[in-house]
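Below, each structure is written out as C-alpha cells.
Okay, so chain A shows up in both of these, paired with chain B first and chain C after.
The block that comes next holds the complex of A and B.
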C-alpha cells in the first residue's frame, strides 16, 4: 500500500525534473545563433528565396519573441510533438519521427545487454563473492577489472577483428557481421519484402516496430531475421561485457561485505546450511548496494551505446544523435539530449522503486 | 587434581558441555594470535555458567569456538575437544586442515575439502538444534531484510520438522481418549502456573497453540466436567483442517531418518577419532545402508515434495508461524501478531534482543550461549532481558553460558563463574566464592575495579584499577600471561605457566600463590 503512494509521489516528482530538463535543453539551444537553428527548415532547391524561408521558419518557431516567451513556444511544440526539422546524410525529416525510427534499435541493444549481464553477473558474483581470495575469485576480479577499465570502442574493435566477418582478407572465426542492423544480402532480390522501407540515405527501415529482427519474425522472413540476429550479436556482446564487469564488481564486493556481517553469524549459529546462508542471508543484502549502482551503470551504458552504434554502424538513437552533432542539426541534438535525459530519469525511478522493494529500511 | 587432564571417562552424565584443552588461533599477516590457549571447563545441565574478563581476553572466541563459528580465515580451532551431549564435535579438527608453521607470519594451511564438507554438515545440524547463541548487538545480529517472523520460522523449519509433523498428525487424528487423558491430568494439577505450562505443552503437542489461552479459560471456569469437555470439543473442532496426513507421516519418517543418519555420522566420527577400525567399518557400512535405503524409500516422497512444493511448504509455514507467535509470547513480547511481520529496524533494542532469544529458543536447545546479551542495551532493558534469560533457564531447564565483562551481571545471573585472562581460565568457582573468596590476583583486581559508592566515597578513596593492558597475544608473556601486571609476581611466574588446580570445593585457580611452584608447564 505504502509503496503505491511512494511510486505515485515519485511519478509526480518526475514533472519538475522533466521541466528542468526542458529548460536546460532550451537554454543550450538558444546559445546558437538563429541562422544555425533554422538550418533544417531551409530547402535550397525551393523557388522561395532562402532569406524568406529563414524568416518564415523564425516566425514559426517564435524566435522573434523574448526568450521566456520563446520557452513557452518551445514547450508547446514539445508537447504537440513538433520537435523541429533536421536534415543530415543519415536522416532527414521531423526529429520526432527520426527518434521513432531509431530509438527502438537502441532500446533493443540496451535491453538485451542489461538482461544478459544481470543474469550472468548475479550468479557469478554470488559464486565468487562467497569464496573470496580463491582462484575463481581472482579470475573473476581480473575479468571484471579488465573489462570495466577497457574503453568500449576499443573492445568493439577487438571483437570485430576476432569474431567479425572480413570480406576482403577472410577471418576463420568471422561469423558475425560487423556493420548494420541486418545484411541486405539476406533479402530475396526477386521479391523484396514490402515491409522494408529504403530511406534513400543508406538506412533501411522496417515496419511496424522498426526493429528488423521483430518485424522479420512477424512477417515470417527467417533469412532476414537470422541476419538481423547475427548483426545484433557483436554490439550486444560488447555492451554486455562492459556492463557485466561493472555489476560483477559490485555484486562481489557486496557479497564480501555482507558475509562479514553479524547476521550471517547468527544464521550460521541457527544451523542454516551454507548454501542457504549464501542465498537467503548474504545475497539478499549484497544486492542492495548493487541496485544502487545499477542506475549509475545505466548512465554509462547510454554513453557506450553512442560509441557502439557508431563502431558497428547500428542505426540507433546514438548514431542518429552523432550525425546531428556532426552536421550541425541543433534540433536533432536537442531531441537526442531530451530522450537520453528522459531515459536516465526513468531508469533512476525504476532503481529507486526496486531499491524500496528489496530494502525494507527505506523510508518512503 | 589437575583439571587439564580430565579423563574422558570422567565426563559425567549431567555435564552437557565439556570443553577440554581448547586452542584457537588466528593466523594473521602480523603473526599468530594465540587467542585461546588450552581452555577447559564443563557446563552442567540446567546451570548458568558465567565467563567474565576484560575485552580481548578470549570470552567471545571461546563462545564462537564452541559453535564452530570462528571466522576462517584467519581463525582456526587447532586442538582440543568439545563434547556436546557426549559427542566430541571437533575431534576431526586436525584432519580437516594440515597446518605447517614455518614462522609466525609464514603458515601454510591445507584444507581437506571432503572432510570439511562432512564436518559442516554435522555441525550445522547440531548448531541451533542442541546449542543456540544470542549476540551482543541485536540490531546487527538480525538480518535487516527479513521479517522477525521469517527469521524465527526459518529456524523452526530447520530443526522441528518431526515435531511439527507429529503435532499435525495428532491434531488431525485426535481421539476421545486423548481428550479424556488431558482432562484427567489437567484436573489433577492444582497450581495455576503448572497448569498453564501443562496446557501450553499439550496445545503445542496437538498442533493448536493459538487456542491455548481459551483452553486455559475453559479449564479454569469452575463448570461441571461434561460441560468443560463439550466446550473443549467445540474449541478443537475448528482447529482441524482435514488435510491429508500421509504427507506428514512421510515427512516425519524422512526427518527421523535424517536424524538417524546424523547420529550414525557422529558415531562414525567418534570411531575415527578413537582409531577404532571395527567401529569405523561398522558405522561406514550403516551410513551407506541407510543412505541407500533412504534413496529408494523416499523417491516418490521427494518427487511429491518437488511437484507440490508450494502446498507442501505452506502447511509447514503456517504451523511454524503459529509456533513463532508462541515463542514471541514466551519472551514477553507485546502484540506478537504484529511483531512477527515487522522488520528488525522497526523494533527497539530490547524487543530486538527478545526476538533474538525467541529465535534461539525455536528448536528447544539444551544449551544457550549468551555473548554479552545486554551490553548494547540501556539499564532498564538490561534488567528485563536478564530476568527473561533467568526465567527461561528455569522454565526450559536448558543450560546457559553467560559471557559478560560486567561482574554485577555475573553476580545476578550465574551459578558458577570462570574468570578469563588473555586466553586462559585463571579462576573458576561458584559465584559466592568468586565474590567473597577470590584467589587469583586478576580476579581480586577485577573485583576492586567495580565502582562502589559505599566504600569509595565514604573513605574518600579512588577506584582501583589493574595497571597495564591485556597483552598482545601474538607475543604473549612467557609463563603466566598475567605476570607483567601482577602485584605478587615471583621469578617462577615468568618461567612456567601455572595449571588450574582445585583448592577445595571445586574452587579452581591457576596461580603459583596457591600451587606447588614446580607444578607448571615450561
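The block that comes next holds the complex of A and C.
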C-alpha cells in the first residue's frame, strides 16, 4: 500500500476513536443529575428567577430530551466551541477559553522535556547498548529502572529539596524557584508590564502567546524572562528524567537486539570500522522499535504532566483539570479528559506515520 | 536426496516432562538470575508484612491500622521530630504530622497499598482475560468492538481517566478502586487477545476442533493455559504501576474522606507541608520505602518474563 493511502486509512480510523471519546465524556456527564449540570449557568444576581434560569439552561443543553438526542446536542456544542462553564479558585469562565490559556504552558513543558530526553537518551543508549553487561551498561540499567519505578510526585519533591530555593537553609544548590511559572518579584513595580494580566485568582496570564517566557522575550523584559526560565527548570528536569528512563530502556534493548542480527556480522566481516557498524547498522535499526513505543511514552508523559504541574504549581492544563476535579466542575473535567484524549490520539497518529516513513516494510 | 535434519521424522521419542518437574526447572532458572532473586525476596518481605498487618495488627502497637491517628502519643507540638533511636524502634525514622511515628505507619500502609493494588490487578486481569480470549478466539464483530473500546481507553492517560471516572462515581476510596479496575482491564484484554489469535491457528487446536471439540472447550483447554504465563508476568509488572498510581491519586487528594488512612502517597502528601521548614524526612523516607518495593517488583517481573517466555529462555 502506498503511504498516501495508509495515512488516509489511518485518518479515517481516527473518527470512531474520537467519537468513542466523546461518548465517554458524555457518559461522565450523565453520571450527574441535571440540576448539578446547569449550576454553572445560573447567575444568582440576575432578576430572572433561578428556576426559570435552570429551565432555560436545560433547554439550551438539550437536557430535557432522551439521552441519544442529548448526545447529539452535546456533539453540536462541542463543534461550536461551547464546552460549558466552570468556576474554580484557579480559573473561572468558559472551559474552552481556559484550555486556550493553559494549554500552551503544558505544550512548552512537554516540548522542552521531549527534546532534552531524546538528545540525552539516544547517544547514551547507543553507548551503553553497544557495551552490554559492562559496568556502564549496569549503571544505565539501574538508572533507568530506578527512575521508571519512581513515583513522579516523589521525584519532583526530591528535586525541590535538593535544588529548590529556600527549601533547605544554606543549600548552595538551591537556586531554582519551586512554585509557579515565574516569580512576581521579578516584575518592575514602577512599570508593571501591560501584557501581564492578573486574573485575581492567583494565576497570571500573558498575551499574546500565553507563555510568559516567550511573551517576556517578545516585549524585551529580560528580568521576567529569566525568572520564567528559572521556574521552568525543575518541572522540565523532573519530566525529562521520567521520560529519559523509559526511552533509555527501549534504545538499549533495541541496540542489543540489533547487534545480534546477521547484517551486523556481515558488516563486521567486511571490515567496516566498529564505529560505523554501530552508527549505520545497529543504531539505525535499534531506533525503529523505539519509535513504536514513543506513543506509549507520550501517554505516560501526559500523566506525569498532571502531577508535576500540581507539585510545582505550574499553570498548565493538568493543574486546570485537577482543580476542576477537586472543586467539582464537571464541564472542566469533561473538557480536560477530551483534550488529553485528543492530544494522545494525534500523537499516536504522528508516531504511526513516522514509523511507516522510516521503515518501508511497515504498511498495515 | 538427503532430507534436512528438521524434515526427518524423529526416531527418538522425547519423553514429555511432567508438570511438576517443569515448574521446578523454571524456578531454578529464575533463581539463577541474581537481580530477579533479590527482587523476589524483597517483594515477598513486603507481601509478608502486608499479610501480618491484616491478621495481627497489634504488632504495630495499635488495635487497628485504619487511621494514622491511632499512633498519636500526645498533641503537644505541631512540628515533626527528627529521626532518633532514643524513643524506641517506632521513632527510628522520626515523626510526621501530629507527631505520628513514620516507621509503623509505613509498615501499616503496605496492607492498604499492596492489598488494594492486588485487588485491582486481579479483578482487572480476570475480566480482561475472559473478554480477550473470547474475542481473540471467536473474532469477527466481537473482536472489532473490543478493539475499538480498548482504543478509547488507551487514548486517555491513566491518571486523567482515573480522575474523571472516580469523579463521576463520587471520589471515595471505593470508587477510585472501581475506576482503576475499569481502566485496567483493557491492557489484559489486548494482551490475551493477541495471544489467543496466535494460539487459534496452532495445529493442536485445529486437531482438537477436527476431533469434535467445541469452541468454548478449546478456549478453556488450549487457549487459556497458553495465555496464563504472559498474564502472570504482566500482573507482576503492573502491581508496581498500580501502587504508584494509587499513591499519586492520594497525593493529589483526589480520594476524599479518609485523609488519615495510612497510605504511602497520603503520608508523603501530609509531610510535604513541612518542606519549607527544612523537614525532609516525612517526604523522603516513605518515598524510598515505596521505591524499594516498585524497583524490586519490576526486577522480579523482568526475571519472570525471561524464564516464562520460551524465546528468551536460555
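Structural remarks
Just so it is clear, the second predicted complex is superposed on the first by the 351 of 364 C-alpha atoms of A that agree within 3 Å, B and C clash if a C-alpha of one lies under 4 Å from a C-alpha of the other, contacts with A are read in each partner's own complex, and residues count from 1 in each chain.
Just so we're on the same page, a contact is a pair of C-beta atoms (placed from the backbone, for glycine too) under 8 Å apart; a residue touches a chain by one contact, two chains touch by 3 or more.
Just so it is clear, the structure is predicted and the values come from calculations on it, not from any experiment.
For the composite obtained by superposing both complexes on chain A, the positions of chain B and chain C are free of clash and fit together.
Once the two complexes are laid over each other on the shared chain, residue contacts for A:100 go to neither chain B nor chain C. Chain A is touched at more residues by one of its partners, and among chain B and chain C that partner is C. In the overlay built on the shared chain, the residue A:288 is in contact with chain B alone; chain C does not reach it.
The gap separating chain B from chain C in the superposed three-chain model is 5 Å, by closest C-alpha atoms.
Overlap of the chain B and chain C interfaces on chain A comprises no residues. Interface of chain C with chain A (complex): residues 148-149, 151-152, 154-161, 163-165, 167-169, 171, 240, 244, 247-248, 251-254, 265, 268, 272, 275-276, 278, 280, 283-284, 287, 290-291, 294-295, 298-299. Contact residues on chain B toward chain A in their complex (touch as defined above): 64, 67, 69, 71, 120-121, 124-129, 132-133, 135, 137, 140-147, 154-155, 158-159, 343, 345, 356, 359, 362-363.
By the touch rule above, chain A contacts chain C in their complex via residues 16-17, 20-21, 23-25, 27-28, 31-32, 145-146, 148-154, 157-158, 160-161, 166-169, 299-300, 302-303, 306-307, 310, 321-322, 325-326, 330, 333-334, 336-337, 340-341, 344-345, 348.
Residues 260-263, 265-274, 280-281, 284-285, 288, 358-361 of chain A touch chain B in their complex.
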